[in-house]
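Down below are the structures I want you to see.
Heads up, the next two complexes both have subunit A, just with different partners, subunit B and then subunit C.
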Partner chain A sequence: MADTVSSAGVPAMLGAKGHLTALEWIARRAEAFVIPVASMIVGMALFSLFILAVGKSPVQLYETMWRGGFGSWFSIQNSLSRAAPLLLAALCVALPARLGLVVIGGEGAIVLGGVAAAATGVATSGAPSFFAILAMGVAGMAAGGIWIGAVGALRHYRAVNETISSLLMAYIAIALMNHLVEGTLRDPASLNKPSTEPLADAYRIGNIPGMEVHWGLVVGVIACILSWLLIEKTRWGFAARIAGGNVRAAQVQGLAVGPLIVGFTALAGGFAGLAGMLEVAAVQGSANASLAAGYGYTGILVAFLARHNPLAIIPVAFLLGGIDASGGLIQRRMDLPDATVLVLQGMLFVVILFSETFYGRFKAFNPDLWQRPDLLKGPDLLKGTA
Partner chain B sequence: MSDRGKKAVGVETIGMTMRFGAFTALEDVSIKAPAGSFHALLGENGAGKSTLVKCMMGFYHPTAGDILVDGREVAIASPKDASALGLGMVYQHFTLVPSLTGAENLVISREKVPGVIDWRKERAELARFMERMPFKLPLDVKVAELAAGEKQKLEIVKQLYLGRSFLVLDEPTSVLTPGEAQEVLGLVRAMTKAGDLTVLMISHKFHEVTAFADDVSVLRKGRLTGTGRVADLDHRQMAAMMIGDQPIAALDSRADPKPDAEIVLKVKALKAPDRTGLKSIRIEDLGVRSGEIVGIAGISGNGQKEFLEVLAGQRTRDAGDVLVKGSPYGASRAEARTFNVRFIPEEPLRNACAPRMTVAENMAFRTFDLNEAGKPINWIKMSAIRTFSARLVEQFKVKTASLASPISSLSGGNVQRAVLARELTGEVDLLIVSNPCFGLDFSAVAEIRARIMKARNAGAAVLLMSEDLDELLELSDRIFVMSDGALVYETPIAQASVQTIGEHMAGHH
Partner chain C sequence: MDATEIGLWGVPLAMLGGAIRVSTPFIFVSLGEAITERSGRINLGLEGTLVFGAMTAYAVAVITGSPWLGLIAAAFAGLCFGLFHGWICKFPKVNDIAIGIALMLFGSGLAFFFGKPFIQPSAPDLPAIPFGGWSDIPQVQAALNVNVLFLIGAALAVFLWWAFRNTRAGLIVRVVGDSSDAARAMGLNPNTVRLLATGIGGALAGIGGAYLSLYYPGSWTEGISSGQGLMAVALVIFARWNPLGCFAAALLFGGAGALGPALQSVGVTQGYYLFYAAPYVLTLLIMIATSSPSRSLAGAPGELSITK
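Presenting the complex of A and B:
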């Protein structure tokens, strides 16, 4: 019935062209590295103009940024701590993106994941810490997963634009969190900053031995690696890439596009919810308004910079964590508001979005054009998409 | 604008050459269309036809060569210059605004439209203009409600209304019924004979060229390979100029039909909404037997696409049954596998491929989740996918620079070859195909039709939907006509007549 895949004799059939030479392999992958790096440099140059306009020295700024983010063991640990939630928040964007969905509401899943984890931690008090922490993680993932999974379901079954709905759902989530921590779940002892009851110390997640960085970083890195395996090596990932590449082709192949979309968005939301749980269990100790710290939004930038490749998310999250971490030092040393780094992030994002138009344009990255100049298509002004 | 007494202009190109980087799209092409002539331009895809007319229309700036209008050299730097000289083009696909009426479309297409439009005055002027036109059209009806032939006429009228006296028609009959095509081309022909218009028609239908054109020029790989009076050339000579001496795949001789073979596909009392949601498609009874090709003719937009979508599981149905070998069929991956059902949708790059994924990955869409023994697997092996694709690329002669190239870098014919390779390997019991040769060149068309015939002879039941009547007549054992969402006519191939089929396509019965 199905074709058997013979493993006998690959080469010789296409001559030298059929086999991927090392150079060709490198060229095809270099594009996804060179263009984002070049875009970052352009974004930083534009940001320099902004710094000059407010009368400061860009050189001093970048130097300060380096010191604040990466210059010492202390600042590296600080950057890594901030990278931990970014890893998971970026996965919330990257996984749906492989299916062709632009989900930007990870913040909502983080916040709800945090609240669900805090509530679970309080409810399970007395249970052995391993089970309590596990239950908190599951609760956080479930809350985030349901939230973003609903976005995916709305998209597929009711054709609601996922970008808009995820953003609006994030507002709802934040309002819901405020409602809960100021109402039902409020610890009466939290006067200035309404919070849920603090977690028992046994339920807190500690630091990686020898570092001032909590275990969330390890969880995030593992999540990235698992996501990469899922997308690149499993049949569900392959099916998702088909659906993301062309949903009609996926349907004609009989792939269950709906369950794929709901599954991937739910997993994506689950990772963001896990980020919320880690913020509660490792950083805050309870759920409160600090959960909406903007990691969900920075995660969007991380995912786009990484071109939605889960492995690339790891270094990019560290980089953006560093930029984030340097905000305080910039404020103190250069008398600039710490929101300055947000201006940089915004500029980077605009340049990154713009750089999407450059993919496939450079001959150096396109081995097809090396061997077959006749494949080069002339500009086609009159032809539509048909 | 609307007062045009201008007579036809003659247009000539001399030594047109167009290079895109290292690639030469057009080399030293000289063609001549004297005033009042009907000139046909033949050539395969990629032969340079559209590059040539884009140079004439000012969309491209030729690397070398001149354009003469009425014998004088002119500089055409932009489409604006071309229209000032009276050169216009009618595109293969409609460019009218469907939600506006014909009159509104005409008025807004003018270069200068007043800020406030005096519709009473415009209507009176339009009525006067239409009196001079041989085309009769309802101008107060929304374009969306016009038939394809009327839309095509309106496109041509629009160009004339804009004062053009030299028209390029890009495959003007590809969406028309044979009857409509005859009518539109006949009217255009009459205008050229009267000396009101010069026409350059891009076409690949030899019978149209023979019936309507005075002269023909043939391009191959960017060069002019022949030109002359149509009266002096027969179809075989024109085909030879178009494709050179490359061999054409011969159709398998048709194995004898077996009238009592198993009915593989059965559709009963099917009802589904069409894309507007206002009407529905209804297929009362359709059976396709093993070893036969059932063709479905029809003008696009009469429900063929929706019918195909129902069969492919992309559209829900309101009522009725789709049975494959007697079992209800819902187009899931498991069912398609059990019953060996394959789909080849039209425009493969848009409907059957993920353009940015590699050739190897695209060719594995049907089998990536199976191992060598055909058992489901969870972990994908890229090496196995590459091996599998390399073999198919060789078997089906897919021309690709590399297995790792994105499939969108392939030519249309090679994308279709890749899709055929994917769908036609292994045992096929039911093959559902839609417009498989749309936009492909000569040799690819012949090869793809040969593959379909081969699948039929090997025992597959084939349902072939096509807007190309010649293709249906060549391949089918039986032909149905689909019109307004229903199968309105059936004929065995032996009794099929283009005339009758055309009338049913137009809904005249």
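Presenting the complex of A and C:
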């Protein structure tokens, strides 16, 4: 035993026993997969109890949910369409989370991104469609980026709590949108539902060939992959993780924490703004109150379920998009309110946050403990599951 | 004096009346949150509790015909939400802010779920006391028609201010909020104290919700709160965790919230939506003005994650 322990008393982990390393590799990563999946199952089981308590059949509910969200090519396409803005909205939470910031006001960036894109689309009418769409995307990202970047700047330079300020700014953004859409930017022809002038057909974003899903899905997936690369493979991502762990240590290391926070939050808001631009250019055709459809809030849940890992956001956004998409069918088939999916989402959210307490508690996921049961006598957190 | 003659004087008068009317939920939520935060935890879920309390109060009042039973039911529902938050946050690595966000969504979702059938029917209102009887100007009478809950809230603010300083319970909450270690050394269990403090905070937020649906605006809709619970949380920080400060700040916020309807009532329709954003802007400006990166906030409980 003694030779597997280094001079500092720390067990030599990898490579000490050759045949264990593959298993160890799996065990270390299994935790990040098993605990969230188990939590979701627990959350869905609790939701079954809730459905039973209101006198409906959970089996029928999940069957309907499956049919509405995932059971056919049609419903899968519907879910994917809803996943597109969720991917970007979740990045708006996940990127700042790497710096230890809890930003929950993505809805505001989506709304303003949509308005900015719609205004740009109208202002550039006549320009070649490629440039116009590009300009709309840039305008949407800029609007969202400024909005959430300001939250980051306030956090760093004024110590204003980012969770509260971002949500307040979301309400301000929605008021601003209503003001612009019903005033300055209003298309006089839109009577019942005040909207900006409709975009020219050439400025609309179409569907991916062979699918009834717009290109926003591809944009969202690319954004997730780029964000993952940024966090895991670049020095900025590395610096952000250090600053997220301990701001003072990062400052002592000479990291420019301020620009890092503003940069990450601005990029996060830019992604949410892009989601708004895609809603305008691919779905609505103009900016109106439908922009505040709650994608920003569902995106919070997506990011937390994915534990702020941009690659994990992709499947989770699809899952939540499917749950969202099945809401209408559940309402019609089972005579339940449309808020049923909100209750499920809330339960999943609570359970997944509760599951944080189980990380590091299971011996199976921690190869260090396989050969060193005495380490279990260490801190509280490691107790209980030996 | 004719009612139409008071002209623009109607704006400050409507704002005074509005401040009293609009501020009541702020008073209850912020006092509840002040108790919770003084114990060292932050509960952002009060926004969801407010919405669920509003729905519960309305539903019970519709069914039983008694607004007071609705109020009690809302307080009980809020208590349950608060106790749940307090219980779940005692586990290691469970983040109180994140749980608050989850309960915000969960509480609203549950309220929308059970509240669907109650959007149409009308419930009896909580009673108000007409302090404006001496005047024959209808606007003055309207402004001084004060709901009993406002008076209870004002009394509660004074009581809590006194209790934090002068009672054993107040001392216990403050010790737990300032240092878990010191509390343990005194033989107190911080988790139990925080559980109770969060539970009471939730119950008060539920009462705030009952006021929303049973008095002003006085009906149950899904957009009934639109962030008031959250603003109340921000307000507690601005008030430096002082119950009297909470009361004053709530009046200020109520006045800001009444600006939009007050201007509309005298015929100003330009920038209508921007005036509705006034309370949010005010909250944000106050947060910017009163925070500082170089010093921690005076009076902040030491264990509070939001100020660390």
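Throughout what follows, the second predicted complex is superposed on the first by the 357 of 386 C-alpha atoms of A that agree within 3 Å, B and C clash if a C-alpha of one lies under 4 Å from a C-alpha of the other, contacts with A are read in each partner's own complex, and residues count from 1 in each chain.
What we mean here is this: a residue touches a chain if its C-beta (ideal position, glycine included) is under 8 Å from a C-beta of that chain, and two chains touch if they have at least 3 such contacts.
Just so it is clear, the structure is predicted and the values come from calculations on it, not from any experiment.
Enquirer: Mind working out whether A:172 is in touch with subunit B, subunit C, both or neither, as first, second, both or neither?
Expert: After superposition on chain A, A:172 lies in contact with subunit C alone.
Enquirer: Let me test your reading of the model: by the given contact rule, A:37 touches which partner, first (subunit B), second (subunit C), both or neither?
Expert: Neither partner.
Enquirer: Does subunit B (first) or subunit C (second) touch A:52, or do both, or does neither?
Expert: A:52 sits against neither subunit B nor subunit C.
Enquirer: If you stack the two complexes on chain A, which partner ends up touching A:26: first (subunit B), second (subunit C), both, or neither?
Expert: After superposing on A, A:26 lies clear of both subunit B and subunit C.
Enquirer: Based on the superposed arrangement, let me know which partner A:246 touches: subunit B (first), subunit C (second), both, or neither?
Expert: In the superposed model, A:246 contacts subunit B only, not subunit C.
Enquirer: Once the structures are superposed on A, label A:300 by its partner contacts, choosing first (subunit B), second (subunit C), both or neither.
Expert: A:300 sits against subunit C, while subunit B stays out of touch.
Enquirer: Where on subunit A do the contacts from subunit B and from subunit C line up?
Expert: Common to the two interfaces on subunit A: residues 381.
Enquirer: Mind pulling up the subunit C residues that touch subunit A in the complex?
Expert: Where subunit C meets subunit A, its residues are 44, 88, 91-95, 97-99, 101-103, 105-110, 112-113, 116, 226-227, 230-231, 233-234, 237, 271-274, 276-277, 280-281, 283-284, 287-288, 291-293, 306.
Enquirer: Please name which positions on subunit B make contact with subunit A in the complex.
Expert: 18, 20-23, 25, 50-51, 54, 59-60, 91, 93, 312-314, 331-338, 340, 343, 345, 347, 350-357, 361, 365-374, 376-380, 384-388, 390-391, 393-394, 400-406, 409, 425-427
Enquirer: What does subunit A use to touch subunit B in their complex?
Expert: Those in contact with subunit B are residues 1-7, 10, 13-14, 17-18, 20, 24-25, 28, 232-239, 241-242, 244-246, 248-249, 251-256, 360, 367-368, 371-379, 381-386.
Enquirer: Flag every residue of subunit A that touches subunit C in the complex, lowest number first.
Expert: Per the touch definition, subunit A meets subunit C at residues 102, 104, 154, 156-161, 163-165, 167-169, 171-172, 175-176, 178-179, 182-183, 297, 300-301, 304, 336-340, 342-343, 345-347, 349-350, 353-354, 356-357, 359, 380-381.
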